[in-house]
Structures are given as C-alpha cells and as structure tokens.
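Shared between the two complexes below is chain A, which pairs with chain B and chain C, respectively.
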Partner chain A sequence: MSSDFTVEISQNEYLAVGGDDVNAIVTVTSPDTGLAAPAGDQGSAEIIIIDCSGSMGSPRTKIEQARAATAAAVDVIRDGVAFAVIAGTNNAQPIFPLDYGLAIADDQTRFLAKQAVAGVLPRGGTAIGQWLRLAHSMFLSHPAALRHAILLTDGQNQHETPQQLGEAISLCEGVFSCDCRGVGTDWEVGELRRISSALLGTVDIVPDPSGLAADFAAMMQTAMGKQVAGVSLRVWTPQHAAVRFVKQVAPAVEDLTGRGVPSGPQAADYPTGAWGASESRDYHVRVRVTPAGVGQEMLAARVSLVAATPSGPEVLGQGLVRATWTDDEALSTRINGSVAHYTGQAELAQVIQEGLEARKRGDEDTATAKLGRAVALAEQSGNEATAKLLARVVDVVDAASGTVRLKKRVDDADEMALDTRSTKTVRTKR
Partner chain B sequence: MPTCPSGHDSASTDFCDVCGMRMDGAAAAPAPAGAPAAGIPAPPAVPAEPCPQCGAGRTGQFCEVCGFDFASGQVPHPAAAGDAAPGGTDAAAGAGSDQAAAVPDRAASVPDQAAAVPGQAAAPGADGAAAPAAGWAVVVTADRAYYDSVIAQGGPDAASIEFPQYCPERRFQLNGREMRIGRRSVSRGLEPEIDLTGPPADPGVSHMHAVLIAEPDGTWGVLDPGSANGTTVNGGEIVAGVRVPLHDGDRIGVGAWTVLTIQAPPAS
Partner chain C sequence: MTTAGAGPAAHAVCPSCGHAVGAADNFCEACRTELAPAAVSGDAPVAARECAFCHAARITEDGYCESCGRKVGSGRDHVELDLGPLAGVTDKGLRHARNEDAMALATAERGGSPVALAVVCDGVSSSRRPDEASLAAVHAAVRVLLAGVREGADLAGASRSAVAAAQEALTGLDEPGPGDPPSATFVSGVLTREAVTLCWLGDSRAYWFGAGPYAEARRLTTDDSLAGELIESGLVSEADAMALPGAHVVTAWVGADAGGTAPHVSTFEPPGPGVLLLCSDGLWNYRPGAAELAGLAMPAAMTDPLGTARALVRFALEAGGMDNVTVVLAPFPPTAPAPRIPAAAVGDKPAAFATEEKPADEF
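Let's turn to the complex of A and B:
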C-alpha cells in the first residue's frame, strides 16, 4: 500500500495570551497513480438495492428507469468483483444471485443479473431497514475489503419504525458504505441523509427517472475507483485538550465528531471510508487546549491518515496542528482564510436546512431570515451551485446583503434538491 | 526515551506525546549548570547530579562521600532550579522553564564549586548514579500561568488575590507512604509534610488540601480528599477522592498560584 497520501494543514497557529481555541483545515489528498497494491478485484463487493414497492409502478417509467439504471451500473462492475442486486419492499429479497450470497462479475453473471433485473415488478411496501439487513448479511458472505452499496428509493420508510431503521443502520456501520438516491419527490430527505451519513456515502435527488441510468453508472464508476478501504483520520491531542469537532467540509459537510473511536492514548479515529486515486477532501478540526505562556509552542493536534490492514493500522500520512502563544495581536487576530471559508460553508448548509424546516412549519419570518443568510453566504463564498438552487426557492433582491423574499410557489423537487445538496461545499481559493 | 520540557517521556521527538509541548527545548536542555561554566564541553542532556563538592554521584539529600547537603538550596537541581541558575551559567538560560523567575540567587556559588570538579562532567554516562535515595521529589513554585488560569475562572475572591511579588522555591523529598499537602494548623494539630504556610501564603490552599500517596510500584499518586478549591494535574481538575497517578514533570496546581512539580528519580 502506498504511503503517498499528503496531509496539509492550513491554520493561524498564533493564539492570544490565554487563548485556548485552535482551528485548522486539514487537506488530505490521495496519490494520483494507483495506490501501489489495490485491494484487488476479489477485494471489492457491490450491492445494488432497488426499491420495488408498489409506488415504483406509478408512473410506470419509474420502475423501467430503475431497471435500466441498475443494468447500467451492473455493466460498470469490473470482472472479479463480487456483486448482487436486491429488491426492496416491505421486506427484502435477492434478485441476483438468488442464493443470498454474492456472484463474481464476468460477462455471464452480468448478463444473468440484467436479465433478472428486467423481470422485477413493483409490489408491496417500504422497509429500508430490512433492505440494509439483507445487504449486510450478503456482504458478510464474502471477505471483500471494499464493500459498497447503492440504494434507490422513491418513497418514505412506511413499514417500519425510525428506530428499526436506526438499528439496521448501526448494524451496517463500518461494514459497508452506501450511496443513497431518491427518485421523484415522495421520499424523505432526512431519512436518506441519515443512512448515507452513517454509512459514509452520498445522498442526492434524481427528480426525473430518466436521469437515473447516468447517475447509477457514475456512482458505480466512482466505487470501482476506490482502492483503500477503512481509512480513518486519527486525531491525537495533548493531555487535557479536547476535540471540539472534526468535520469533513469538502466535498460536502459531514460532522464526524460523534464518530470518533478511541485508538490509543489521547487519540481517536474518525472514519473517512474508502479512497480512490487523486481524491482530495478537507476536514475542519477544532481543538480546545490548555493555554501556555507567551512564546511557547504546543502541538494542538497530530492528524494522521490511518488505513486498517490485516497486519494492523498503517499510517498513510500526517500533519501537525500547532498553537503558539503570542502577545502580538497582529499575529493572534489574523484570520485564516481556509478556516473562515469552511466555517461559512458549514453555516451555509445549516441555515439552508433550518430555513427549509421553518418554511415547512409556516414560519415565514425565520425562513426568510435563514434563507437570506444562506444567499449571502453562497454569494460571498462563490458557491454558485448552491446559489442557483437557492434562487429557485427564494426571490433574491440583494444577494450581498441577503435580502430575499420567499417564492409563493416552489417546486417540490427544487426544495428537495436544495435540501439534499445543501451540504455540498466549494473549495477554498488558496 | 526523549523527555519534554515538562519531563514527560515521549516517543515522538518533535512534540511531546503527552502534553504536546515542543521537544526542541528538551533536546537543548543543559545538564547541570556547572559543566558549561567550567569550560568543559557540555555533555548531552543527562539527568545526572554529581556532588558539587566531591563529584560523587548523589544518592540522597546528603552526599554519601562528603556529606554535602543537596536540599539546602545551594545546588540548582537539573530539572527545575538548573534552569534558573544565576548569570554565570548562560547555557542554562535557554532551558525555557517558566519557573525561572521564582528561583532566588542562592546558587551563586555553585558554578565555581562545579568547576573545581571536572570529574563530574567527564562522567556523563553515569546517568543512573544521580538518583536521590528517596527518589521522588516535588518542587513548589509560584506559577504565573497557573495563577492566570485560576483568576480567569473567576470565583468570589478572584479579584482580591494577588500573585506574590517574591516566592522562594521550596523542594520536598517524598518519603514514607503519604505526604500531606496543606498548611499547618496549631489548633487542629495538623502538620502536613508539605507545608505551604509561607510566607507568602496562598489563600486558596486548604489546611488539608491533598495527599501524595506512594504506590506499591514505587511511583506516587495524588488524591484530593475534598479541598475547598480543588486540585489540578497539568491543568486538569482532578475528581475529589480519586487517586491520580503522577509522572515525572507533572504539575499539581493547588490554591491560587501554587504549583508542585513532580520529579521522578532519573531512570537508571
């Protein structure tokens, strides 16, 4: 395995006398050439879970496009990769292979899988926890290191309780990653975000079923590019210091703070999932330290990228977050551009979600204030994609000051797109 | 294993594995102040403390060979007072301990004594030889950073407590099974082994503030039986009634400005 990951730190290390708040942006980049010895094709497993509930039959194009999208994804699976397709209803059943295990991809198995998928019919309800449980047991039938699922649904999780879903998610955490897609506008953004967030995947809306095939093929392509599984961000902090938060901030905001697993004296590992070549992600680490005297320099955090290997954890790279106390205010008050940028991006995601929530409740004042703030933040940070999505929900009077009016009529798909994509960030301009 | 400025063992050589402080200072930390002053190349940082009188390795409060009294304050200790040795020992000035200000001039005669005994510097490898017999010790200082952190927390009397203008450094050998930290009280018949009565008196120290307890393995722990103002170890408040193991260089904060720095015997 290669150790050519780079870990770069961007921060203002200077603290005023008595200062205890250390912020840093950690940029992790994987090498652009193959990561020396990729897991090998036997090392990957893929499961596609498609919603086959009754609602997928109306309009009929939904199930047709779901079949086509699954076929497109199956075509992208490399020879040698273990795979399966699951039909999800109020319970879950394998579509291919039928023996509750995984098939090894080759021309024949891919053909058989597509044939089986072409025959699925919509019937029954929706119990996503059951789907995850079946995927979990099928993944465990094969010793792959890189396990990834794609989950497609068009409706809400009606046939089990949120608690049942939660238990299924916890079961799968750390076993496989899962990208979630909602087709149409009858599904619940919060539900899918809960899954994708815990299972280190992405979530997105596919408003028009005709867009599914391209999206599925792209997701599978990305999954096929993953080469190192089980990578964690290890954050060591000095005695009596505390991690305030660890967040992924690019390509999307994902709070990892509660996900830390103690991994040694004063250290915890935060899962980042699998990595492919030339990937780059940013993390915001915030630590509270015990202030030291002027002129003293302290290591506030040692951030390393650690891969789980059969022979134990392997460090792929590391960066140092420092703290130096100074009585020079010109130094201690300097604001680090990256930290400020991502603090703004995290706030952007938050005010969008809060604003949409308020709008649903009918609290127009709060919705207007929050979404106005979002427009201003998107404008300042150059997050054009989010700005465009916002403009479909509010009429922008003045972007710079965040003066907006709520639109009277908003397309459900536009609102859900804004919600699901609210966490997408743009990178800092260095 | 390298040691950080606070005395923690650290496998990492850039920053301490325990407290995160920069290790460069530790690498540059001088051996006993006498060596450079004597014009002899400074040995690598070795925690040895030969007797300034006769050069024999120290084994206790008094030199086994000539009877020199190590504890009377005439000799700067390598880990604490050494940093603060007087002007003649410039090499020690870079050691960067914030305790420096608190140490008085009493060691003024030491460099000469040391210079008269070149043998001491010639034996840098004998690191284990310097272990005091009782091993562990605490050095009590008035600590500005700790005081600042206490005052910053506020509290009813915070505004009225001043940092002492002058506070002699006090050193206590740890022996027996318990060493009580507090202030003596005639009326209560209390005479703590580590008596912080002063002057200067730290108003935040309880008569019976904390106890250092010898562990079966030869190390020491600290326990706060429930003092009025609490006890910190390396800046973190400890829970009353819970024994906290101590390591070389750990800093116990009591009262408003009193810090007790633990000194383990040098590893042999």
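Let's turn to the complex of A and C:
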C-alpha cells in the first residue's frame, strides 16, 4: 500500500520547569488519488437497514420516502459491491436478497432490490439490536474489507432493553461502520449517537421525510469513496507517561480514549474506521509525562497511522509529539492556536449537550448558563453552523459574552438538530 | 601544485571499481563515482548505545530512547571533519539541548589546481526545527557549490546559486506550525590558489589570518544583525552594540520567509599565505576581534587545521559554551587532498600531508 498519508503535528513543544502536560493536534490527511487497497482486498459491502415499524406508516409519507431514499441509495452502489437491504421491526428480516447473504451489485440486482423495497409495509415494533445482529451476520457471509451500513429509524428502541442494544453494538464494533439517521422527532438522539459513535459513523436528524432521498444518496456516495478499512491511530508514549485522552476533533468531536487497544509495549491503537481519498481529520492527543531537566527533549508521543492488512499492521505515516523543558517563559507560555481552538470546540459540544439535558430536566438556570457559554464559544471560533442552530433554541442577547434567554417554545426538530450536530467542529485557520 | 600530488596519485584507485585515478580527480573516469564527495557534519551515523537516563539499550532511528522517550545524542552533538587541506569541528556547547549548527566541507580539482570549500550554517533558534534547517541548508548549498567549482563556473555566481539552493531546501522543509519557518544563517568560503570567495547572510563570520611576513588578521564579513546594523551606521561602538538586548537578532537569513534576500558576496585576494576561518557566533561571541582570534589560532592552524579547530572549540566551551559552536579552518593556498586508497580511505589522514606543501614559496 502506498504510504502517502501525511501525519502533521501542531503543538507547543516547550514546557516550563516541572511541566508534565503535553497537548498536540494531529492532522491526518489521505492522498488525493491512487490510494491503493490493501493486499487481499475483497472490496466493499453495504447494508441499508430501514425501520419498518408501524409508526413508519403515519404519516404514510414516512414509509414512502424511506422506500424512495433506499432506492436512491441502491442506485449509487457501484457494480461489484456486495449489498443487502434489511427491514427492521421488533425483529429483522432481509428485504433483499432473501437468502440472508449479500447480493453483488449490477443492473439486475439493483432493479430487484428496488422492487423488493417498494413492497415493504410498516408493521410491528422497534428492536434496533436485532437489526444490527442481522446486519452483522449478513456482513460476515462475505469477505469484504470495507463494510458499511446505513440505519434509518423514526422511533425509540422500545422492544428491547438498553443492555440488549449495548450487547449488539459491541458485537458489531470493528466489523462494520454505521451511519444513523432519525426521521421525524420521535426518536432518541442519545440512542442513535450510542450506535454511530461506537460504529464510527455519523448521526443526524432528517426532520422532513422528503429530505431522505438526497441524504441517503450522499451517504452512499461517501461510503463508495472509502478505500482503506481498519485504520487505527497508534499512540506510543514513554514509560511512566499516561495518555490523558485521544479525541477526534474534526470534522466532529469523538472521544476515542476508552477505545484504545494495547498494541505493543507502551502503545495502543485507537480506531479511526475507513478512509477515502483526500480526507483530512484532526485528533487532539493529550499526554502526561514525567518532567525532565531544562534543555532536555523527550518524545512525548509517537503517533502513527496503522492499517490492518492480511500480512499484519502496516504503518501509513507518523508524527512526533515532543516535549522540551525550558526556563524561557516566552517559549513555555506560548499557546498553540490549534490546541486552543479544538479545546474550545470540544467544550462547545459538551456544553450544548449538558445545556439541553438541563433544559429537559427543567433546570433553567443551568441550561441558560451552559447554552450561553455555547453561544460565546461558537461566536469566538467562527462555528457559524452551530451558532445558527443555537439561535433556534435560545434568544441571543449578546453573543460575545454569551448572554442568552431560553426560548419559551422550541421546535422539537430544532432541539434535536442542535443535539445531533453539536459535535460538528470547524477547523482552525492556518 | 599538481606535480606535488603526482607521485602518490599513480597508486590511487577508485574505491568503487578499483580503476586507477588521479589524486585530485573529481570523478572516476571508469564508473563516474564521485571521488571526493562533500563531508557534512550531520552525516555521522548515530552510534547504537544505551540511553543515558534509563539505561535502556534501544534507541530509535530518529534518536529517542524507546523506553523513556528522552532524546539521545543526535550524532551532531560533537562532530569533527578532517579533509586534510581543511578541517572543521562543531559542538553543541554546554547550554543547548542540541546542535543547531551544521557544516559541510569539500575539496575539488579545478583547471588542474586544488580547491577547498566550506559552508557553515547556524539554525535560527526562534524558527521551527532549526537543527534540520541548518543541516538541509549545508547539504543543498555544498552540492551546488561543489558542482560549480568542478564545472569551472564563476565562483561568485556559484556561491549565490548555493544560497538559492539552500533557500529552496528550507522552503521544502517547511510545514505549518508555531514559530518562524525553518531558517539559518549562512557563510561559505571557496579557496582557490588565487583568491577566497565568500558569501554570507546572517551573523556567521569569516576571518582571515595572515602568516609569516603577511601576518595581518581581519574580519571578512559583516553581520546581518541588529548590532551589526547599528555598528555599520556608525552610531554605536561595537562593544556597546553587542551589549544591547537583542544584539544577536539576525536581520537576514536563508529560509522560507527570507523572500529572496540577496546574499553578500565578496572576493578576497590574500597578499600571501594564511588561514581562512569560518565560524558561528558560538565562537566569536567570546573573542570577536580578528587579531585576538588569530592569536589563538596561529601559527598552528597553517599546519594543523583540525587540532587548531578543536582548540578553538575548547576555548569557546571553557569561556561558557552558551551557544552551539562551529569552527572551520582552511589554510591558503589550498593543497591537494591525500591520495585515496580503497578501504583505508576513511579516517586515513596523513598527518604529514599538510606540511608537505610549502605554500610560501608558491607566491
């Protein structure tokens, strides 16, 4: 595989005497073309899971638009890609193909799949864990390296316990990635985020069913662009050092800290999922080191991008996070712009989620303070998309200081949009 | 001069193919192997050794302890290069974590006469990875300079091209981050039998120390620094200017943000034999005057450039070693390098060689 990935580090490597806190932003960028697939590649597999519970029939446009969206996504699937469509209720059944395996995309199978999808009817309940389990077993019937699912639901996971859902998610982790979409406003943001987060996908709200087709086609387009699967960020740290956190911070905040799998002495691998061409993501790595003397330099972390291949892990690129102790305060107090920016973006996502939770509990003081802080952070960092979403939930009196009033009436869709998109970040200007 | 080398040359062979070569030849006629490549201070391989802090025995390729992460000596902390006709020593000093100075030395043959040349760069410490900057700069510059010398190009022009090449190398080295783009000072010297061609940017310096009846010492470069500009303006005495805060802030350099700053170029025709000194501010900070420096270096530098360069570095360390220090000494007129013999070529430095020539009677 070509190792044309770049791993760039942005940090202030200088620490004051006794300093032990090292922060760095790691920017990983994939090559623009010719991203060769790993040896032994068996291509891609796609499964579309549509909610066919009874509620999808009211209004009728929901199921109609879900069928149309699935058809639009099927049209985007490339020839040769293994695929299937699953109907999810309080259990799960394949819609196409019916043999619990995957079909290979061509004109005929795409046509047959769309025909089968056109006939699905809404009936029954919602047990998302069951849907994931069926997708899992169907994916395993084919040796594809790149496995991706789209999951659509309109309601809460009523017909199984959160624990059952959790077990299903764990089963699927590392096997396939999953983008989740909630249509309407009767679904639970936290539930879908739990799935998309563990399965390295995105989550979003589609308030109006008529928006589904374009969204599904776009998701499938992105999935078709993925070329390398099973890529991890490997973080080596010196002895007596500790990784405080590893977070993806762009394009969206995703805490990977608890997902590290030991991969050798003083090293752990954090999953990043699949990569397409010309993708760029930022990660914030924070390490606590043992302070050394003035003038000494230490490697605080070696960050490598590692791809799983049949012949073992392959390093695609690496960057060094350094620490140098100095008694020059002009050096040690210099704040790295990228680190400051993403620290703010991560706080922005957190205060939005905390603010919305407080609002639901009826704790208006906390909600006002948290969402006010969010408005100020969005303003400072130029995160206009989030600022706009916030303005639908609070009345902004003064953005710079974060002075806001909670709106008396908030559209459910606006609140859910703010919640699902709270983790979207903007990048630093360089 | 060529006749002096003719005897031993009859026995010299190409280290690559074994074909007989002349002592002063630039390339082997048979296989085109470069016979006298430049020696660069950063090229010394890092010797495998244990970590001085935790005693782990595994050091990574990029010079960190694989256990405790400490930076282990880079292989540039103290480097000595001895080409015979010229020699250089660089040291990280006593107060810096790494050596951000770099030097490149080379010998060549031009129109049947020997030529000696050297480049010294001092990484600007406020820039990103100044150690890599200085090394990349000397590498790029010496390659262009050496090619120009061999091709018989105009030496002032070749020197400017060498600066341009260094500039380009540093631009290629740059990546976004805090601090200034990688940058370094620059001073090069080319010694032919007739003249010394100098080229510089920043505050690394060249000095001339005359020998025998021509025992005059003088500084050959001006500093592109705040202090240098004040002194130039005539408003402040040298001692006062140097004592000012920020005296050492350089005002011209090679680097991605240097924007094609034109280097200074000058040609000096020595009145007689002597020695050219190229050095970083780690040396001249402690003894800026030409006569005083000559007092430390002469007359030993005429016959033992390596030993004298070592002594000057030791002097800077004993005076405080606040900065990286680099000293290159090249006796004038340049002599032909020792004949190359396979296998023994590396480290085979004929002590008698420098005394073989009696430059004085060449005038």
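In this text, the second predicted complex is superposed on the first by the 424 of 430 C-alpha atoms of A that agree within 3 Å, B and C clash if a C-alpha of one lies under 4 Å from a C-alpha of the other, contacts with A are read in each partner's own complex, and residues count from 1 in each chain.
Going forward, a residue touches a chain if its C-beta (ideal position, glycine included) is under 8 Å from a C-beta of that chain, and two chains touch if they have at least 3 such contacts.
A quick note: this is a predicted structure, and the numbers were derived from the prediction, not measured.
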Message: Quick check on the chain A-based superposition: chain B and chain C, clash or fit?
response: clash
Field: Contacts of A:Ala292 with chain B and chain C, given as first, second, both or neither
entry: both
Task: Check whether chain B or chain C contacts more residues of chain A in the superposed model.
output: C
- request: Return first, second, both or neither, reflecting whether A:Arg334 touches chain B, chain C, both chains, or no partner chain.
  value: second
Query: Once the shared chain is lined up, is A:Gln353 touching chain B (first), chain C (second), both, or neither of them?
result: neither
Message: Looking at A:Ala300, would you say it contacts chain B, chain C, both, or neither? Reply first, second, both or neither.
response: both
- prompt: Who does A:Glu8 touch here: chain B (first), chain C (second), both, or neither?
  reply: second
Query: For A:Leu320, is the partner it touches chain B (first), chain C (second), both, or none of the two (neither)?
result: both
Task: Based on the superposed arrangement, let me know which partner A:Ser30 touches: chain B (first), chain C (second), both, or neither?
output: neither
Field: chain B versus chain C as contact partner of A:Thr237, first or second or both or neither
entry: both
Query: Between the stretches 7-15, 79-87, 133-141 or 151-159, which region of chain B is in steric conflict with chain C after the superposition?
result: 7-15
- prompt: Which residues form the common part of the chain A surface touched by chain B and by chain C?
  reply: 237-241, 266, 289-290, 292, 296-300, 302, 320
Query: In their shared complex, at which residues does chain A touch chain C?
result: 8-12, 237-241, 266, 289-290, 292, 295-300, 302, 320, 324, 334, 336-337, 430
Message: Going by the contact rule set out above, which residues of chain B touch chain A in the complex?
response: 12, 14-22, 96, 98, 144-145, 148-149, 152, 234-236
Query: Of all residues in chain C, which touch chain A in the complex?
result: 53-54, 60, 62, 64-65, 67-71, 95-98, 175-178
Field: Complex interface listing, chain A residues touching chain B
entry: 17-18, 237-241, 265-266, 289-293, 296-300, 302, 320
